[in-house]
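So that you can tell them apart, the chains are marked A, B, C and D in the order they are listed, and the count of residues begins at 1 in each.
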Amino acid sequence: MRIDINADLGEGAGFDAELLELVSSANIATGFHAGEPKSVAFAIREAQQRGVAVGAHPSFADRENFGRREMVLPPGEIFAVVTYQLGAFRALAEAMGARMNHVKPHGALYNMAARDAEIAEAIVHAMLAVDAAAVLFALSGSALEAAGRAGGIAVAREVFADRNYMPDGSLVPRDRADALLHDPAEAAERVVEILRSGKVTTIDGSRVAVAAETVCVHGDTPGAVEFVRQLRASLARAGVTVQPFRSS
Amino acid sequence: MRIDINADLGEGAGFDAELLELVSSANIATGFHAGEPKSVAFAIREAQQRGVAVGAHPSFADRENFGRREMVLPPGEIFAVVTYQLGAFRALAEAMGARMNHVKPHGALYNMAARDAEIAEAIVHAMLAVDAAAVLFALSGSALEAAGRAGGIAVAREVFADRNYMPDGSLVPRDRADALLHDPAEAAERVVEILRSGKVTTIDGSRVAVAAETVCVHGDTPGAVEFVRQLRASLARAGVTVQPFRSS
Amino acid sequence: MRIDINADLGEGAGFDAELLELVSSANIATGFHAGEPKSVAFAIREAQQRGVAVGAHPSFADRENFGRREMVLPPGEIFAVVTYQLGAFRALAEAMGARMNHVKPHGALYNMAARDAEIAEAIVHAMLAVDAAAVLFALSGSALEAAGRAGGIAVAREVFADRNYMPDGSLVPRDRADALLHDPAEAAERVVEILRSGKVTTIDGSRVAVAAETVCVHGDTPGAVEFVRQLRASLARAGVTVQPFRSS
Amino acid sequence: MRIDINADLGEGAGFDAELLELVSSANIATGFHAGEPKSVAFAIREAQQRGVAVGAHPSFADRENFGRREMVLPPGEIFAVVTYQLGAFRALAEAMGARMNHVKPHGALYNMAARDAEIAEAIVHAMLAVDAAAVLFALSGSALEAAGRAGGIAVAREVFADRNYMPDGSLVPRDRADALLHDPAEAAERVVEILRSGKVTTIDGSRVAVAAETVCVHGDTPGAVEFVRQLRASLARAGVTVQPFRSS
């Protein structure tokens, strides 16, 4: 059994160094919700030195709300916004001898692309234009996954280690009390459950199909890093190898 | 006799459409002093439809001062800042079937690179990393021209149609009363003088060597556009062909 | 009035140096009907030093017949054959600070792509994969022109200075006695006729619509070079500017 | 403990399908000692479907001797020969959604680059020009490894599972009776010895320092495939993970 563990990096949160020892893929902020050229270059270098795969983490232009506010834009503008960020990231990565291994939309852009086919396609078109060999990280079962496959892009289906699932396979919204799962042992069990069975237990005890090639973790608080450390140890005990997801 | 005429575009000034009928190269703002992905894409499309060559116009990150404030940054950061903007611009251009034909640093970055070899080299390294076949627009005789040639990059030496020259070949500083030349006929005469003789008449009447493959014009006021129109007509009468400068 | 003049280069014919003083675009053999890496690099350098635009001249793999024998291949194989040659050419050009400005299929591949939509599309797909900003040189009115436009590629319509035209706009086959036009003054007149009127006089005296952004000349015999020299002089007298066709 | 297992592919040997189940990296012939565009595309697709990393396997132009004859060429020509092949391979890989993960010179080019710094540098310059993020496969301790590191390229040091070593760390020449090691269990033991100790036992029983990030195997006879199968099983028993070597 294999899984990739991904986390956001270069957002100025302060636990990047600890996270890089624990994850296999880093999603690096490309300047629209956080970061600027110097922080992108720094995060690429740090990841590279530890064998962590690097990817672009494009967002709506919205530093005020950290890219979390949903914005209504025509598909052509989303294409331009994502192409701009992927081009900037790819240039920095290649200038430093690295690859843009993957692309993971950030925040509101990720959520909107999960349910809206037009937005999802605009992102896939930007990937085809900038680098057809990069991997798209998409919520398992989402419109973004479908658009990626339709465009011939390699897709890594993503699950969230610390989020609970609704009976229909969507995430429990963040504003609900039962949105999060706090115990890393339980989180690891759930990832192993998904890898073994292709299903996840939801909040009502039912089980729904879900696939996982990459699992998202967070590092924006000290406790979050400890959560990832224990998750990783549990996965090792269960015989799960942690490594980046690559397109070939 | 041939010359390229370049102007800044996509800065929101409002006379882009008029300018595009008159110039052969457009320097498009890449989001750091002005512009954002949509305006870059729009300006590329508009230029492309008129056969105007497009180039990146990278700047310090300084929207407040329109990129005109000098900033002291380590060369590694200037490299990252320029690589980011060139990568973003190149991706958008190629996604639209166009080329990043040239690179012209904007404002304070242009001025600092003209006199500081380290800054000039950081810009040239970014060009080598992102696109070694693009042309560098550099002030004739500047440190930037030298760095470009040392790096094997094609260089187009730039002169300014509406600026007066000091006896040492530098531009009369903008804060002096005699900084600008207001008569387009006189400006055209001067460009023809440079093309014919390789020299320009300075404010004290002496003549100093200067070479010109591209001449910079402005379009940020209605009068400026009329200035360019008359300049272009005068050049035509003098038998000067206006066309983009290309690397091969 | 403007026109590009293109000729094949790097085929070992021996008049490359003379031709480079007369043309604005060079189609460089990419190793499948003639040439090898060293000759490609040499031809790019020679063209670059004279401001001549360089393009790839891909062919069927057929050195025995100089790429002139028609071959029946599945579209997927034609895609692979062309992608391979364009990738090789682009890498060499960019390594030397030049651009792959255009792509012109050679010999039998050119002829088949002119009439067969599937072959034409395979070539256009290869261009989109390798460099969407390169210009496609295609026989005016051909299936290749149509495929290029459908794919969003810039197309330069090509005419032949030394070939006669059938009443339907196709070229008189090479095995007919009246295939060729031998007088450079007459050839120049015809190019000017096409530029002015959008029509060409055919062998039966009728006139058929044809458009020209690039005119093909040959240099494989000493007389051919002299033909081009006189053609170029006649075009100059008629006020036609000779310059490369660029995508933007 | 981790190691990459690489093998040559697309050379028409007939055991490609079996090999692809056993190795983690495929070196694909790029048309100069074997292969042509269709076989390159086919091998990329086959490797991609099994998660095997693909790399270019450039050679001197020498189909007659399968690239095994040493040729004396100026460095500039070696640069052109390698740039051509890497450009062709990269274009095909990216057109199919894959990456050129690595570059391994073939046959005589590999052997000459191992001992000659100028040839090694020409290969590294070609990699920098075509793709600075690809990994160079180089004989551990060779001039090629040194040139790769000096150029800032990621290097995977290579050992040979079925070859015996001289006391100075070089391979026993192929024409000697003791050149080859025939027992896969012994070969696996040796790879584990290298991974654990950084040393290999040579033909006189002494031990010499050698590092291994990738181990080369062959598949040109049925026995060779069986050798690899047993080698892989032995590595698994020793707790060695087999996976591609990546630049970041």
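Keep in mind that, in the parts below, a residue touches a chain if its C-beta (ideal position, glycine included) is under 8 Å from a C-beta of that chain, and two chains touch if they have at least 3 such contacts.
Every value quoted in this text rests on a predicted model; they were computed, and no experiment measured them.
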{"item": "Chain separated most widely from chain A, comparing mean CA positions", "value": "C"}
{"item": "Between chain B and chain A, distance of the C-alpha-averaged centres to the nearest whole Å", "value": "40"}
{"item": "Whole-Å gap separating chain B and chain C, where each centre is the average of the chain's CA atoms", "value": "33"}
{"item": "Chain A-chain C separation of Cα centroids, rounded to whole Å", "value": "47"}
{"item": "Multi-chain contact sites of chain C, meaning residues that touch two or more partners", "value": "94-95, 129"}
{"item": "Touching pairs among all chains present in the structure", "value": "A-B, A-D, B-C, C-D"}
{"item": "Footprint of chain B on chain A - complex, ascending", "value": "31, 36-38, 40-41, 61, 76-77, 79-81, 83-92, 94-95, 126, 129-130"}
{"item": "Chain D to chain A touching residues, read off their complex", "value": "44, 47-48, 51-54, 93-95, 97-99, 101, 131-133, 152-154, 241, 243-244, 246-248"}
